[in-house]
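Below is one structure; the comments refer to it alone.
In order of appearance the chains are A, B, C, D, E and F, and numbering begins at 1 in each one.
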């Protein structure tokens, strides 16, 4: 192996130590093991942020830490909920503690710029909390942490190009056009193209109920149709991510 | 993609649901992001158990859950300790909580046979605790969980073949002949063969000290020489693992 | 005092015991102590859900438990963030534990229908988690819990009537038209009408940063203009809440 | 609203910020939702400390933070125990964490003088712990915290005036003369004067038992007779509280 | 060793198993490592309950589990506070968790009658909480737990005999007549009789302050004079304990 | 009592304060309440480290803190497992928290040298974690902590003398020659010499299983024969411990 990798798990420690000298951004991809319809693998939520992080890291000479493969519990309105076989959720405090510990350790290594890239809607607040707990422990050392969910970067222009029939909103975009297109771009070998669902969108009420209402969720697990997905749309989104996330991390973390 | 995978993160949920019907063993690989000398990548401790789990799972029609990429803190006497750049340890309670949550969720899916395969010496007791906490919560449902550290399966015969100068014991085998040979077998592209260290073994006292004594540890991070490592030895160990772990999980979990 | 109250804190225990016999819905209002611009009191987030809960409870013969006056940490993009004097956030685990404990106790009293009404955007996921933890502990006893953030009930028709220039989305509606109008309806004596702000909307990027970026937030603390607020609009929203929340809790909890 | 309020939840953030400039005492009332006999509302334990705190705050130019409405579990010997409908106790760690978080946040705002006023006997040690945890986190910043249970301020002279037949001790004074008189003074509209109980005092042994012994507790929930309660006695106690608590907080926190 | 012991730590497992057959009461002594004046050892708070438990256990054919040697933090008004060298307090949650775990394990062994005997005033509520958490986890299995602080058993008659000048109340009895007399009875070899203090009683205000006010506490650490202590008084108290605690545990736990 | 003690629980606070002036090593013995065969008392794991600590402390002018009498859960392969009556294990987080709290308090007293001496194999990693958490909280104050399990100090020479038939390894030495000999040396009155077991060694597989496999463990609870134990061997080991532990603590903590 002669060419450099951005993946921290593939680096030796002297290679990582050498990287540290130029004060790199360390990307932490966070995901979930969760149903993603009949056509996408259950690892989508860590596969996409890892791929996106690698793409950005190569541009900014950064490092991609190993992903967190498990995330917060799936909710019916945003991921189909716990009743789908395989959706494997952590307690909120467990996820927050993991993020806290990992960032605390990065800071101990001398890392001062961290970017958490998340691929699972339900993770957001527990990631926020983990980061906040780490910041409190680490104190005033110059550490800066950025946290994003990749779809929030999509511009209106991109959404118009991708969702020619209108963007249903991120909550319905579970296992639908957005994720399917990105998987067709980044991991086409993992998409069961013959099983891409074309179901009607979920019509859920504006609240949550426990025990979870399985009946709200389309049987496929896709919260709306993925029929309009394509690798081209995935490439389009990826290109915009590359342009705008790179700009954002440079603006926020390298200045 | 037409051929079946054993990797849970690559399965769709209907594929996982179909697997569940034959009451499969679910393997959970657990690792660490930690220095492994100048020649091995920092992800060794999740890469090896994942590869071993996949090998066994194919034989027993099992499933490999996504690995835990982060583990308990490195200690000087067994992994070089926290002072090496990149060794990124979780608090013990964080690791135990993650294992507890994941097993609790597997049980909720109807899984009744779990085998945790660990690749990081320091993880053992926090894995034990996580499993114990899950068992307490899950109650008397027939769930059985097995937990192993792969090197404990090596027979005297294998050790004699691999360590022709004598087995230094697993604690010194960090980033040395055992792990290097297995990496040369499973992930040769990730081994920097030109940097395999040949340092003298660590000579540490029979106790631990805080703050950690960096001076005890060889500068390379390998706790003894890895010079005798080879892909052939890795293949030999892997073959014995395959034979004996397969037998063990069948005896304990499928009977 | 001769007339009946719906407020649990104002009931004697025999009165509460008598209520329990008809299997009532218990409403739990959850809020936050947080800046709400120069014109609204810092208790808005518990005052509004408490008022709304009382309104619904009277219709469905329910009970309003005392509110949780403190909530999860304010974030810049949704509440102005921690830098405003007075914004007093709990750790996520603290809030979840409180919700878990309170619901566990309600269930112990024999309550089987709980509706959490939240007034603080950042609370949502920690409320979810607290409810989920309670459900796990309580087990399969018939307990049903509903959780809502009041603004999610606003229909397009109401939004069109209230936001004649277009709805900026709930994230910007902090201390703006929505909350100001509802306060003018429910607690006019607490609104400093002479200081209703008319600042431009916040223009924040699609991610969060730690330490928090105070610069993103309008100086007033209102994330957009509240100038179009009125008691009439508040009454309109309250009326729609009354109609639709009452219907929802009857459909989900009384059937 | 033109006149100044001492209630933090009713202040705007600029008003609170203005208060902070004169280094005010912030009072934190802590209570419980708990049975208080057939005549007092279940919110007594937060209502009284809130009223007392407001009385003192007006004298010392202080601020009253919103109360904690839920407290530690009721015990039979001091509050009747968990078997009364409505007595809704938090786990000890939950209460301590809430107090810790709130004080940590006050300190972050620049508050240096905090006075916790408690109205629920069982809260005391978990409040202590929460304060201690906050002090440890906040470190040596000049923060001072005082914690009191209001009845501990009653002088022998007041007790002689109020309890003409002798003071039974605070543990028996649950829902009896002390609390009933104070409620008749501060919240007469919430007292069911026609149901003031006149039962014999509880005769409990000098230990606790789990599961809780409901049989020890008088059926009314009042641990002794409240028949001698009056608004005049309440006024007398309130006046002494005002004199002595004001002196104490000035001596301890303003010097 | 031929004669039977009541001390669980001195039993072999078959001896303990034999005891279990007659459904014994298991006593758990709980203490603290804390200053007890210039004349008493810092282990008083576990030494006394252990001795008392052994005395009662011999009468009721019970078992004495090993004591918890560390307890909750010393407070100035009841134990002198944290500023005395050697006063070594646990966090409240740590103590509660230990009690919870130990009782949960006893229940797992088949123990159905537990009596916690405490010797440290500040422990009480964290013991309560630990017991309550254990009861919740163990569920409805017939387990009964009693918890007492030994001095609460002293009758007025005993107090009159021991405190000929009047009982100052348990809070002042730290390292004073009560504890000194009992130590002279149970562990005379550990009392420095030449250093028994005769200081005036502490005159502390009716509240607590953080940071702790060292100035409130007599310099000796004894909260009032111990000069009237004697072995005879210790014997008197011990005899009454024996009579009344034996009766109480038989009444509550053996019926 | 005229002669000085090294036992902290037997010291008065002024005696402890005087010791602190010469910057002593404080030893913390950690144990377990656990089956130790038909011949040894269940307290072996705290009795031995306490005796060893006292022996070393007398040589180095140190102090022995009261032992932790309860430890981490027994595992079948190393202590017989949870199914033996009396084996009373703490959750891992409880043990770690206790160690953290005690060391944090020692540091607050001004102690800068701590040596944890453990007698229960399963404790090791939870002690490590407790120490690490304490170090993180205490920060960079010069505190040094050493942690050892006593048997790790046995030299090959001693092992050759004691185990004339070969050392079976520490994991099998539960309740066998090593512990029995040391108990015959330190606490002969607690050994049932007529019941010393002579069973064959446990033959357990190289992994753990939950629920625990009771069948792996010899019925006696001794994991191998204790027949070759003698007080002389105990004295031999104790003498070597004295020589080498004293040297180690002086080298590591007094330099």
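Just so it is clear, contacts are C-beta pairs under 8 Å (C-beta built on N, C-alpha and C of every residue); 3 or more make two chains touch, one makes a residue touch a chain.
Since the structure is predicted, the reported quantities are computational estimates derived from the model, not experimental observations.
Asks: Once the contact rule is applied, which chains count as partners of both chain A and chain E?
Replies: none
Asks: Report the inter-centroid distance (CA atoms only) between chain A and chain F in whole Å.
Replies: 47
Asks: So, what's the distance in Å between the C-alpha centres of chain D and chain C?
Replies: Roughly 26 Å separates the two chain centres.
Asks: Which whole number of Å gives the spacing of the CA centres of chain C and chain F?
Replies: Each chain's C-alpha centroid was found; their separation is 54 Å.
Asks: Listing for chain C: what residues touch at least two other chains?
Replies: 91, 93
Asks: Which order do the chains take around the ring when read from chain E towards chain F?
Replies: So, from chain E then chain F onward, the ring reads E, F, B, A, C, D.
Asks: Taking the touch rule as given, give the residues of chain E at its contact with chain D in the complex, in rising order.
Replies: Going by the criterion above, the answer is residues 72-73, 75, 91-93, 96, 122, 124-126, 128-129, 131-133, 135, 143-148, 152-153, 205-211, 248, 252.
Asks: For chain E, which residues count as touching chain F in their complex?
Replies: 1, 7-14, 16-17, 20, 33, 35-43, 46-47, 65-70, 82, 84-91, 93-94, 97-98, 100-102, 105-106, 108-110, 189-192, 195, 221
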